[in-house]
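Look for chain A in each of the two complexes below; its partner is chain B in the first and chain C in the second.
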Partner chain A sequence: MVVFLGVTLTFIIPRFSPNDPVETRVSQMMMSGGQVNPEAVIHLREALNEMYGLKGSSLEQYLAFWGRLFRGDLGPSLSTFPTPVTELIARAMPWTLGLLLTSIIVSWVVGNLLGGIASYYTESRVMHVIDVLSQAVRPIPYYIMALVLLVVFAYFIPIFPFSGAYPAGTRVEWSLNFVLTVIKHSMLPAISLVIVGMGGWFLGMKSLTSNIISEDYVVYAETAGLRPRRILFSYVIRNALLPQVTGLALQLGMIFNGALIMEVVFGYPGMGMLTLQAVMANDYSLIMGIAIFSIIGVATSVLILDLLYPLFDPRVRHQ
Partner chain B sequence: MSEFRITRREFLIQLGLLTAGSALASCAGPAAPTAVPATGPTAGPAATAVPKPTAAAVGKEVAPGVPRSETLILENPTGRVVPADDFNRWRPGIQSASTGLQQLGLDALWYIDPDAGISGVWDNSLAEEKPIYNKDFTQMTVKLRKGIYWSDGVEFTADDLIYTVDIQKKTAGLAYTGQFQSYVASMEKPDNYTVVFKLTKPNSRFHGLFTVRWSACWIMPKHVFEKQADPVAFKFNPPLSLSAYVLKDFDPNGNWYVWQRREDWQRTTLARFGMPGPKYAMYIAPGPSDKKVIAQTAKDLDVIHDIAPEGMITLAKTNPTSKGWFKSFPWAHPDPTLPAVMLNLAKSPYEMKEVRWALTLAIDIVRVAMASYRGAATISGIHVPPTGLYPKYYFDPLEQWLKDFTIDVGGQPYKPWDSEAPKRIADEARKALGNLVPTDAAEIRKSIGMGWWKYDVKAAEQLLLSKGFKRDSNKMWLKPNGEAWKIPLMCEGETRPIMNRAAAMIAENWKEFGIDSFADVRDSATRANLPSLGEFDAHLSWTIETWGGHPDLFYFLESWHSTYLRPLGERSVARNWFRWKNAELDKIIDQIQNLDFDDPKGLELGKEFVKLATREQPTIPIMSYNVFSVVDETYWEGFPTAENPYTNPVANWANTKYMFPKIKPKAK
Partner chain C sequence: MLRVIRDLLKHDGRFRVAFIFLVAILIMSALSVVSPHDPGRTFRVPADMPPSLEHWFGTSSRGQDIFWWMAFAVRNSLFLGLMTAIVSRIIAIFVGLTAGYRGGFIDRALMSVNDSFVVMPVLPVLILLSFLLKGSMSLVTLAVILGLFGWPWDARLIRSQVLSLKERAFTQTAVYSGTGAFRISLNEHLPFVLPVVFATTINNMLWSIGLEVTLSVLGLSNVTLPTIGTAIFWANQHQALVAGVWWWLAAPVVIAIILFLGLYLLFSSVNEYIDPRTRLRRIGG
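For the complex of A and B:
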């Protein structure tokens, strides 16, 4: 039902926009600097409507779309006709998955760990500094953080590349050098995502654990003489983990949307840039293709999360 | 409940390893070049000697097997190309056009340069001579050059030209299907190098379809396309070349393309001008304006297509090897196009000429030039761009007429022309840029323009009052029917900040005058759609595009004919989004259509059009679209400039191919 509603809404919404993919193409043709006779424009409009499958009523287009979808065919992209939508997504997805998956997991792990530690070891000066930094970083809009990092570490102290996933002229191939180059290019975007993401997880975990440390079972464990590290990880953090895992699952599902601002700032060739291209060109097919992946991604993440809950919290299994 | 299984020591060790791994990766150098097998152009005549590369460049590679010293690096303004491997230039909407494909790989029958041209404005490229029409323009004969070969060694002949037209005529969805269906009745091939087109109706501008301004109908390799079941879906990868370079390598993610000079470059049309200097040309997607400035400063980008004026000023001040079209201010190359404020003449009150003139006189062009280009604008008060050879064709001959031109303001003849506007722009720009801005009147005229319309709100007010407009208690204008007057000025957003800033200042001018106006920023897809339906009041955009080097105005005027006029709500056919209908205009267009392309009467009719448009002011012309194409002369020299305007330097224009035989390694 979630997928059906999501896909249906995605089909409808772009059609309410004041844009028309055929007009976008006609306009491109007219502004392409070649002589265009007016009569040719009329022909071109008709041909493009036919080719793009935009002839017929919206209901007919909707039914045809579901028919294709059941066959695993998302149709051709309108802005890059006749390239299949699946091909465009397949090319962009690995970049986004590689960068966002790593960044989200790293920020989640580090943020939660530090949040738990900061909450438990309230006397630690180091944790106090991290706490202040997290609170300071958290409200900074991501695009500001990304631009600051870019200017500082790619211009003033040029230790990271300016943009892209690898330098111009590099062959894409499975070699150690290429992988290292890609890692180097992804470091700055990854750091920006980790810094901003980590602050949220840090504060969330600190807030959750601050209530738990005064619970009876924690006091009892301390009275029983258990080592603080054991109390922290087995009693405090573990009991606070469930909402954080839910948050992680939802965020992982959103990976399929890409990180638009990050990809624009750092010139990264992932799903965010593809989404931007699709929206700018009013490419119905591509918008729907990306949305379907995103809907399925979120729905699958939530499903997996439901299945995994008992592993994190035995109380769920017991119920 | 399971217990936590990792010790603090183990955790710290793992954290340390993760950090060390990240640091190691970030310190790694760029990927080592791998050997790439060269695309195998056919053997041809031996290349002539080239000057030796500079010492600084020796040893560095920009791609595997591609030395920096032998490579010209240019910006592909399309950015990242998606999909990267689609080179079917005959399908509308293809993204790889400016990757070098149309500049270095494809060829057309004729080229008209927007500037002076390498050997005159008109170049017979694949055609041996100009098009030959019969008397009533129902037949066009093309004589083709002999000895031109595709990069796979197959000779280019009349069969390729006939196939190009025939397949597009037959196949819906290719770029020129409509044009050829409308005009081509049949084709004949008297010999291997001659094609005779029989046209369905008289068309004295049929050759325009095959003539490159920025692009045109490129010739297809028959022997490749005829083997394809679906010529629309065919990706043409790797693209066969008919020009002097062949695609050597490209990034599957569309960030870069490397072209290599063909070994048999002498069997291409470019050979007439000598051997192309760079052995390689690399088109890259360098990102936004600031990144282009940094890349050129770092000597990693020889030709910038366009940057923001601030970027140009930065380069002019900090990178001595960076050169613009003009030696100094305003640096930019003026496109042969004319951004103008289109007023929707099918909507009230814009059908009134007096209203259009009032809005014109309420614009302070000095402030618009400063806001948009920091003064580096080339302004035009008339409906042709002030660029290429148009100052000679139109501006100089019409100057006195413009000075004498009057409109009726309050029952008195009023002279609206302002010859001093360019000087005021230069004076204003000089406040920030000092000596970079010329003081010489001739220089100012050449680079900033000949004049514009007076900024005279009192005259504008009188014009509005004469048509029944009134001001309310807040001094804001009310339309004759008593409604508040609101003008959303549609314009581009971040894609072209120049247009956005110009629109914002024009709206500000109108607001100061008492009209509720604002810059209505829209994305390109919306701007492609709404004006077509007539859903706008005012729109700052292009409707006037010209050949630049040739005075013929039919290029854009054809679609202004009333035959193609559509009512509001119905899609306009081509460029007449502002819906101007004028019998005198129709007559001028009909007369031009019945003349030969080079007939001197065409220029006279063009001037008649300019006079008519000035009287009627259907749109408000603003300025040429100045492109800050900046070249860096660290590795290469001999680029076109205002002093030596042998071609357009703007990197995505197909006629930049003429740059390649002229540029040579920088002599030290």
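For the complex of A and C:
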């Protein structure tokens, strides 16, 4: 349903737009090409129309659009013609995936653990400090955090590089040295994602567990003399985990959007940079490809989540 | 209204902080009226000057006084947030009230549209949209577009409230005394819903200002217009950090933090003031 609506939207939106992509492209080429004879322009226009799938009636176009989509064909990129859009996405994806997957999972695990512990040991001073910090960090968007870190740790205390995933001119290869530089370059973006993400998970977990702690079975376990650690992990945290798993899955779906600004700010060669390049080069088909790709990504993860739910929560299974 | 503010100032620490932050932001945006510089003009002052008494936030590589430029930026970002909030509030109130009160087929139709909007990833759609509108994108168009995408959560919230209001005795009395559906929604139900609307307004502003920053950094909005997002865009374009002009990046960052924290703290303290039960939802959501 979401995929259907999203794809339909990406189909409809360009058709309402005042700027015709074909005409823009044609006039661009005419400007850069100097003298162009009219016949060639007509040819070019036809070729572009074909490429955008602008032939035939709206319904035919719409069906053809779906047909190409099913074959995994998002068309050629315009700025780096004739490299297909899918190949560009495939090249940028691993960077984004690697960075985001690691930082989201790290922040999820740490945030949830701390959240659970914080609500169980309420008198702890350290936990109180973390609590206040999370409250303060929560509304700040991750990219603002990234900029703060960038100014502080790359400019004033230059321990991390400004930008890129590896120094310019290095060959991409699987050597220890290269992997280490990549890790060093991704530290700052990762840290800013982790800090902000952790704050959110921490607060979420804390509010969830604070309800559970007063439940009968926890009180029972306490009177039965179970060790606090055991209660915390197998009763309190475990029962609070389900909504957090949902959140995690949704976040993982959002990975396909990438941390757009993050990558632009740090010059990290993932999906965000790809989007920026596409915008700068007026690459319409690439932008469209990225949009469709991320919509499908989100929708798929929602679907998978629905299918996996019974595994986590027996209550869902029984219904 | 004034009494509420005084009460909150006295008892709620978060509100105090929010109050100070937001008053600072408002003063700054008000100052844009008396700005000695036109934000559209470049090279009015020497470029790349560090912060000093004369130029509080320093000057940019484009020869603009960052303090005055940010004054306009704050005003524009606030305007965008408010405008988006108003547009999406109108849709949310309309959809929420109708779906909740009418029920049946209308409810189901409206809610299935709503559900699709809830799960739809807004960002890629927005990027595509603003890419196609590039050049003709004004602050108002952007606000309206964001407003069109920002209503579904709140419509759901309003609907669930109306569902319970519908069962109350006063609604029944109104129905039996011959009041029309429209009047019931407007006169009887809307007042109950307004506190929720107010609380979600702030959240919606945070959301839209954040999206504006995203789009601007990608260069997808009207970048000649000063906003928090375009400030970051220009600093990035000129590689401010590599050139050593750190204050160019620091200014929008500091102001964004003050604005976001201020709005968020206001949201959470007002939310708690209205309904303590939302405390849990807020933290969980």
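We take it that the second predicted complex is superposed on the first by the 256 of 319 C-alpha atoms of A that agree within 3 Å, B and C clash if a C-alpha of one lies under 4 Å from a C-alpha of the other, contacts with A are read in each partner's own complex, and residues count from 1 in each chain.
FYI, contacts are C-beta pairs under 8 Å (C-beta built on N, C-alpha and C of every residue); 3 or more make two chains touch, one makes a residue touch a chain.
A quick note: this is a predicted structure, and the numbers were derived from the prediction, not measured.
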Self-check item: Contacts of A:Leu88 with chain B and chain C, given as first, second, both or neither
Solution: first
Quiz item: Given the touch rule stated above, what does A:Phe233 touch, chain B (first), chain C (second), both, or neither?
Solution: first
Practice problem: May I ask you to decide whether A:Tyr155 touches chain B, chain C, both, or neither, giving the answer as first, second, both or neither? | Solution: both
Practice problem: Kindly classify A:Ile195 by the partners it touches after superposition: chain B alone (first), chain C alone (second), both, or neither? | Solution: neither
Practice problem: Return first, second, both or neither, reflecting whether A:Pro139 touches chain B, chain C, both chains, or no partner chain. | Solution: second
Quiz item: Which partner does A:Leu274 reach: the first (chain B), the second (chain C), both, or neither?
Solution: first
Quiz item: Is A:Leu114 in contact with chain B, with chain C, with both, or with neither (first, second, both, neither)?
Solution: neither
Practice problem: State whether A:Val302 touches chain B only (first), chain C only (second), both chains, or neither. | Solution: second
Practice problem: Classify the contacts of A:Asn177 with the two partner chains as first (chain B alone), second (chain C alone), both, or neither. | Solution: first
Self-check item: Touch count on chain A, higher of chain B and chain C
Solution: B
Quiz item: Which residues form the common part of the chain A surface touched by chain B and by chain C?
Solution: 18-19, 21, 155, 162, 280
Self-check item: chain C contact footprint on chain A (complex, rising order)
Solution: 1-2, 5-6, 9-10, 13-14, 17-19, 21, 136, 138-141, 143-144, 147-148, 150-151, 154-156, 162, 203-204, 206-208, 211, 243, 254, 257, 260-261, 264-265, 275-276, 279-280, 284, 287-288, 290-295, 297-299, 302
Quiz prompt | Contact set on chain C toward chain A in their complex | solution = 116, 119-121, 123-125, 127-129, 131-136, 206, 210, 213-214, 217-220, 232, 236, 241-242, 244, 246, 249-250, 253, 256-257, 260-261, 263-265, 279-280, 283-284
Quiz prompt | Residues of chain B touching chain A in the complex | solution = 1, 3-4, 8, 22, 25-32, 34, 36, 61-64, 66, 80, 82-83, 86, 91-93, 95, 97, 172-173, 175-179, 181-183, 205, 208-209, 211-217, 232-233, 249, 251-256, 258, 282, 284-287, 291, 294-295, 523-530, 532, 535, 542, 545, 555, 558-559, 561, 563-564, 571, 573-575, 653
Quiz prompt | Contacting residues of chain A [partner chain B, same complex] | solution = 18-21, 23-45, 47-48, 50-51, 79-83, 87-88, 91, 155, 159-160, 162-173, 175, 177-178, 180-181, 183-184, 187, 229-230, 233-234, 238, 267, 269, 273-274, 277, 280-282, 314
